[in-house]
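Everything on this sheet refers to the single structure shown next.
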Amino acid sequence: MSAFNEFKYILDESFRMLRRRKASNIISVIIMGFSLLVLLIFILVTLNISMVIDNAREEMRVYVYLENGLDQDVIERVRTGLYNFDSVRGVVFVPREEALERFRERLGEGSALVDDLETNPLPNSFEIRMKRAYSTGEEMGRIAGKIGDWDGVEDVRYGKDWVERGEKIVLGFYMTDFTLGIIVFLSIVFVISNTVRLSILSGRKSIEILKLVGATNRYIQVPFIFEGAFQGVISAVLAVILLWVSYKVGSRYLPGITFFRLDGIAGFVALCAVLGAAGSYIAIRKYLKR
Amino acid sequence: MSAFNEFKYILDESFRMLRRRKASNIISVIIMGFSLLVLLIFILVTLNISMVIDNAREEMRVYVYLENGLDQDVIERVRTGLYNFDSVRGVVFVPREEALERFRERLGEGSALVDDLETNPLPNSFEIRMKRAYSTGEEMGRIAGKIGDWDGVEDVRYGKDWVERGEKIVLGFYMTDFTLGIIVFLSIVFVISNTVRLSILSGRKSIEILKLVGATNRYIQVPFIFEGAFQGVISAVLAVILLWVSYKVGSRYLPGITFFRLDGIAGFVALCAVLGAAGSYIAIRKYLKR
Amino acid sequence: MPEEKRIIAGIYHLSKRLSRHFTLKDINFQVANGEFVFLVGPSGAGKSTLLRMMYMDDVPDSGQVIVGRFVSTRMKRSTICSLRRKIGIVFQDFRLLEDRTVFENVAVAMKVSGRGMSEIKREMTDILSRVGLYHKRYECPAALSGGEQQRVAIARAIANRPSILLADEPTGNLDPYVTKEIMELLFKINSGGTAVLLATHDVELVRSFGQRTIYLEDGRVVKDSGRVFEGDLLRSISDSQVERRAREFRDRRIGRGEKQDGTGNTNRPEGGG
Amino acid sequence: MPEEKRIIAGIYHLSKRLSRHFTLKDINFQVANGEFVFLVGPSGAGKSTLLRMMYMDDVPDSGQVIVGRFVSTRMKRSTICSLRRKIGIVFQDFRLLEDRTVFENVAVAMKVSGRGMSEIKREMTDILSRVGLYHKRYECPAALSGGEQQRVAIARAIANRPSILLADEPTGNLDPYVTKEIMELLFKINSGGTAVLLATHDVELVRSFGQRTIYLEDGRVVKDSGRVFEGDLLRSISDSQVERRAREFRDRRIGRGEKQDGTGNTNRPEGGG
């Protein structure tokens, strides 16, 4: 009976508190919502850039140049060998004629050069697409080394310089992004936890009085924790909505950018609820101790 | 006498208030400082990226290919003509032999192709560096069009496709960055203005009492405005210091990134002072009206 | 003695509905310069509300309040602070600034009246000694007993030597001995020319002094033991001793370079019956 | 009647230094179950501080406070709330929750004691009528007069039918008529078995009732008109009428399924001289 009453009263108290502390709640939710919005923007930008990077990585190819005048079965043996690598996703045979044609296209306005050639200096080749997870300079270097020793293989190339330079840039980006991410994340944590503190500061007096009339810590605490969770949810939802609106506007100019998945959003909102509750719990503890 | 007293008292009151409302001041400064830190990070990243873009833009060249076997004075006339453009910063003559050498280098591992050539198919050319402000596809297209009609000029090229594609990417970046910048800026404004509101919420009672003992609005207001300015300055300084530390750490991994200039920082701090003061003024007005 | 007959505060046909349960109805009374008036009534009679109207923290629904040269129906918001600097108020719930010491609480009222710090320091000793709190001048209200807080409130109200003192239950938290001292203090201030309107439920206290008493009940004035300008009361007001002291007091103020009496230049005939 | 002799609250050699100016020195007294005791002393004598020690809002520097089964020197922080739910407290400054109605202010004390909503609603009518505020049950403290606020504080303190009621100046803001009613109410509660310790500066009030009176002055007990377990007092406590009512009251509580008396099972002999 009493436990049930306590539960009921605490719940009741929690809902009443939301109404009573409306001004401070609205202000807190605005602060938290916009802070979270900044955090979400950061995450979304990181997400989209890393998707661009992944796509670029998928474009990378290893070229296996074959010796001139090989038998068809040697070529087939090479092909089979290439497919045996775990890291290889696909192999395409490029005849030397097609290679020259492609070269001409790539030169673009300098294509007159090709016309001046009397013979086709290019060999037959295989073009290897790597599996996404193995599209690294390291792995490409490793298989290139092996393939280079095979019979009938003249040369293996994968734009070593470019790949390494690209990987350096990507690493730089991730390092910077990660560092900034930590700073931004900590900033948001500080902003939100201090907002909770500031908000609870104005409830000191009620806490004092409730303690004097014999309320248990739980009775006093839970409504604040509930308030924290509520603020967390509402501000998370606010942030997501604002982000979504910006996304809708932004995706007109930058088609192809992605938004968060629905389960990610749900998880984020849940996380904010938990963090809001925890923040309130920590902030109120010191008023209860005395 | 009385005006002097009022001035003295208001000043005195302002300093006392900082001490009295220490908890709420510290909390507010933390919230604002970290919010501003996020804003500053955003601005600094934008700044550095746009410097990279500017540098890339400076690398762009217009190539003027000359007809074969021109007289030296025709070449000189072209050179003079090129220098007459306002947008041209420098002109370099590239003999056809050097051009072939460069091409060989650019092909890198495909340089065998060049060795197969029997004659040098490349012409003499001028390489034009544009002034920074004119390094746009539009301007390059404009002068390319004019130069193309000159005597002795075979062709003018400036990597039209590349420049246009690059400009599209840069435009996309600036659009995105600008949009995000507005969102981030507004978020920070909301966060800070609401922090001021939340902080003043806890001073309501003192305001009420001061009004009842006959204090003028100025006497009540100025200390809060002063507090707002103070919070603005301290949080701005906090944000700058935190940013500078992150910058120092970050610049080990990314040498070459720049920090804000000292006058920019001073301006920022001053701006925060003004905004803090204005925020407090707006927030307190409603308590004074009643 | 025409000067003494001036009305420092007048309430004319004031009505104010506060809630379904309570309305102040057609209140009429005036307080003369230098007069001492008790406002008596049971809990919830409307004493505090009436006083609140006099320091213009609330506005009547109809009727008028005139305090000094300030008229409730012609008040701008910006002049309310001038009014409050001319009157002293003891609030029933003290209204002390929790985060300031006793000294600062009293000083703030003097500061907002534009008085110099050296003057404040000089007078503070006297003011705080009068209420017996000089030794506690650096304590904050939280470290004071109920009665001590009440005395701080009184000290603050009299600090500016107001032309009228509105005291709401100023001895509710005081023991008989301190009550007597405070009442003597109030009479002394009164005899210096300050009109006093003292709201209380303590009928004993009122009876023991025999001053003019206004009885309030359920928002109505049910009895007014004296009327300004009626024979017997006039005599008591223009008592020669009081008058002399009042003049001395004013002279001192003029000596300090202040205006003679900012709140005293309205000579309004009695408005209500 | 050995049960009546139980001590519900005892203070043993309590000393507490509050500031340079004030120290409670070696306080000793006990309150028996169902006793009515006045604690009288001038402003700043230490009445409120002493009461604060009894509801364990502050701890003595030395000595002991025992209330019911709670011993100040062996208290865990988590049991303080149990103590406070067993006693009723009227605070000198009311301590009402500003943002709640009269009903909610009283209900919150009943809720934290785990009482059901239907019971709270049923009893509220009676409690609020007793202090004459039933018609104002939906008002917030800001809309109440000083005396009305005080009565809310009293209502809250008696709402849980505590075994001991600590009342700090419960009639300071009340007019004589309401004061009489409240005192009658307190006596009625007392005669139901609740011990009452009433701090006041109102010596008249104390004298008129002729109850046991403890005089406090400057932090010392200077006189205690009665001692528990001394002849005359014992008689007055074990007055047969009081006893009968007390038993009825307890029986009713048992009938509601509550423990007989959570605070009454410490039978500690008098500790101090």
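Going in written order, the chains are labelled A, B, C and D, and every chain counts its residues from 1.
Keep in mind that, in the parts below, contacts are C-beta pairs under 8 Å (C-beta built on N, C-alpha and C of every residue); 3 or more make two chains touch, one makes a residue touch a chain.
Since this is a predicted model, take the numbers as computed values, not measurements.
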Most C-beta contact pairs, which chains?
A-B
As a test of understanding: of all chains, whose mean C-alpha position lies farthest from that of chain D?
B
From the C-alpha centre of chain A to that of chain B, how far is it in Å?
25
Could you grab the centroid distance between chain B and chain C? Build each centroid from C-alpha atoms only and quote it in angstrom.
63
Between chain A and chain C, what is the gap in Å from one C-alpha centre to the other?
69
Specify, in ascending order, the residues of chain D that touch 2 or more different other chains.
none
Specify, in ascending order, the residues of chain B that touch 2 or more different other chains.
none
Can the chain contact pattern be summarised as a line, a ring, a star, a complete graph, or none of these (other)?
ring
Among all the chains shown, which pairs meet the touch rule set out at the top?
A-B, A-D, B-C, C-D
Show which residues of chain C lie in contact with chain D when the two form their complex.
18-19, 21, 41-45, 47-49, 92-93, 135-136, 139, 143, 145-148, 150-151, 168-169, 172-178, 201-204
Chain B residues touching chain A in their complex are 23-24, 27-28, 30-31, 34-35, 37-38, 41, 45, 103, 108-110, 112-113, 116-119, 121, 157, 161, 172, 175-176, 179-180, 183-184, 186-188, 190-191, 194-195, 197-199, 201-202, 242, 246, 249-250, 253-254
Complex contacts: residues of chain A adjacent to chain D:
1-2, 5-6, 8-9, 13, 20, 205-206, 208-217, 219, 289
Under the stated contact criterion, what part of chain C meets chain B in this complex?
55, 57, 77-78, 80-86, 89, 91, 95-100, 108-109, 111-117, 156
